[in-house]
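Report on the structure given below.
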């Protein structure tokens, strides 16, 4: 049931954005994030925010859901702004003073710039994961990183590890639920006590879960060997990622938006 | 200790678009010392039902009564009440985690806050009730055979000294000998120790040898609830649920469908064979002109 | 087409944990046969299963698949293409996040062209009746469905033999029925050689031939009817007769002339026999 939300990030409502090739989306995200750090002016950031809103609309992602991604790092954002405000200025215009601590205009502006960039970065990444399923992301990354094979990076193996992890998340979640219930039925209490006590209370859940995971890994390895698996060498892929005209369109639009951001923010 | 569900409805993820009604207005009362079989297709709500009895789930509506007390009422000592019910999940050996059998079986009693000597006593008693001796106390549970591991896990629940024992598919995955061994001591627990036993199972023959009462569930509701004989002879109903009445019962039903004058409420092979033989000899004797001997 | 010659397999030979899993096993399986291998836990059934596709190698003796020795590293992958295997745990053999991708896994490993994989995929899913489940993730399948996906995954590799190692041990009655029915249909319609390892005797009754393993040795290798008649053998091997055979025995004891080698596997056959007896009376 709620495991169908996978890691809780993928928002599975079909939309034009969802239908884009994951490779385009990954590359576009990277482009936009890099652009962010090249842009200094606030109008540029405004353009960026507008762009994010438009993509969210096209992707049928509720704005509320998107902004929720900022919640965990809200503290970090505020901290960034505050630290820069106090530390980063030289003796330019002092806006306020609390004893030895001085807020400078330069510092404040720098802090705001950093904070906004961070926020926009998070929003772009959230959009990516909300409109692209984990398995698509894995496939897309694997395809994009393939040249790294020549540098000795085991791209295929890493992608396979990721795929299997994704495949087993719902299964292991069910198992964890069962184990927790079984130990609760034997009087376990996971809510009580201080941090140390709670961690120790988890041992009767973690040990069986780990053992189960290892057993599954063993069985799976055997099953894969039986089906002729010997690593990435000589394998073909059934699911082919194919670029479509809409990817080209998205790419051009993204390039245009990046240019606009840079121009506005100069 | 009597247990009961009173008009219990349970909805998973209530409010979400994918909400599932796992139990729909279920009422069930089980007396002290009864042995009840709980059968039904996968997804019929059996697991949800037993988890409610064990106090692991709170009904969306309705009451769970343990020993006459509403488990979820305000002011009730839920923890103490709940722990009088022992629940053995499917493949219980998957919960084992301690370094020794002794320590794992002792987990429950320790959680009850019992003194060390009482814990030891309970561990020894629980292990003997599942037919395991002292020799394995200091061995790692993970180096035992599958059947032994399962029995250790069940001992872990028995060590809580529950008044009601619920077992979910206790013989799943075992070979015929293993199944026989487990069923043997479950029967002993019921007959010798007077434990109330509720067994969720797909193995109709096994259920018939343990319980006199069978509850059939389908789609979150109780479909049939009665003594084994009367329930098992609802052959078509059971078949619709992808359950199978025991083979002899099915044979009698098929023959009755073909016009044989044979009773439909027979359960075991011997009884059915007897009835079939009589039908054949009766027919033969009648053809030869003798009085039918039925 | 599969030949075991005086095969023995000992785990941890020479140490104190030494286990003689199999001893002096001779076995020949011909193309198109449906052979059941039965035995109690510890009889060596699973060990035997893994010898057929070289997941395990014998400590002594030889295993040949179509003349290829399983101990020959060059023949390994050809052997695994010809001998497919379905395991006991439905969950722990599904690799991918959807049915379609999992069934494609085998052919991908063989380096088959993607278009051809698509064709094989369709055929395999149709053969097990799961075309409608293409895009389902594994955790939304029942046990029986998962096992049928595993069978489809093996079929997509176009093997000559399918070995099924206790495929129904962890399934509910419906799943058991569906899987056995699928296997029987594949054998009947596609002529695939089937090696079916089980401790459910009523499933073994569906085979052409039953091999009984007892503590690592072949105790009997014969047609189901004759194997199930030998109560002493079954007792020694830790097995029961199938319920249908038991019922036939009970009938015979009361003078009902059911053939002595009746083994089913279907209830309907017994019903027919009895009805014929009645109408001839």
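As written, the chains take the letters A, B and C, and residue 1 is the first residue of each chain.
Heads up, the rule we're going with is that a contact is a pair of C-beta atoms (placed from the backbone, for glycine too) under 8 Å apart; a residue touches a chain by one contact, two chains touch by 3 or more.
Model, not experiment: these values are computed from the prediction.
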Exercise. With chain centres set to the mean of the C-alpha atoms, which chain is at the far end from subunit C?
Worked result: A
For this session: Report which of A-B and B-C is connected by more C-beta pairs in contact.
Result: B-C
Exercise. Using CA atom averages as chain centres, what separation in Å is found between subunit A and subunit B?
Worked result: 46
Seminar exercise, completed: Between the Cα centroids of subunit B and subunit C the separation in whole angstrom comes to 30
For this session: Two or more other chains in contact with one residue: find those residues in subunit A.
Result: 4
Exercise. Tell me, which residues of subunit B touch at least two other chains?
Worked result: none
Exercise. Which of the residues in subunit C end up touching subunit B in this complex?
Worked result: 40-42, 142-143, 169-170, 172-174, 177, 199, 201, 238-240, 243-244, 246-247, 250-251, 253-256, 267-268, 270-271, 274-275, 277-278, 281
Exercise. Taking the complex as given, what residues does subunit C use to touch subunit A?
Worked result: 50, 53, 55, 77, 80-81, 84-85, 87, 89, 91-97, 100-101, 104-114, 117-118, 121, 137-140, 150, 153-154, 157
Seminar exercise, completed: Given the complex, residues on subunit A that touch subunit C span 3-4, 135, 163-164, 166-167, 170-171, 174, 215-216, 219-220, 222-230, 234-240
Exercise. How about subunit B: which of its residues touch subunit C in the complex?
Worked result: 41-42, 145-147, 172-178, 202, 205, 242-244, 246-248, 250-251, 254-255, 258, 260, 269-270, 272-274, 276-277, 279-281, 283-284, 287
Exercise. Which positions of subunit B touch subunit A when the two form their complex?
Worked result: 12-13, 16, 18, 20, 51, 54, 56, 79, 83, 85-87, 89, 92, 94-97, 107-108, 111-112, 142, 156-157, 160
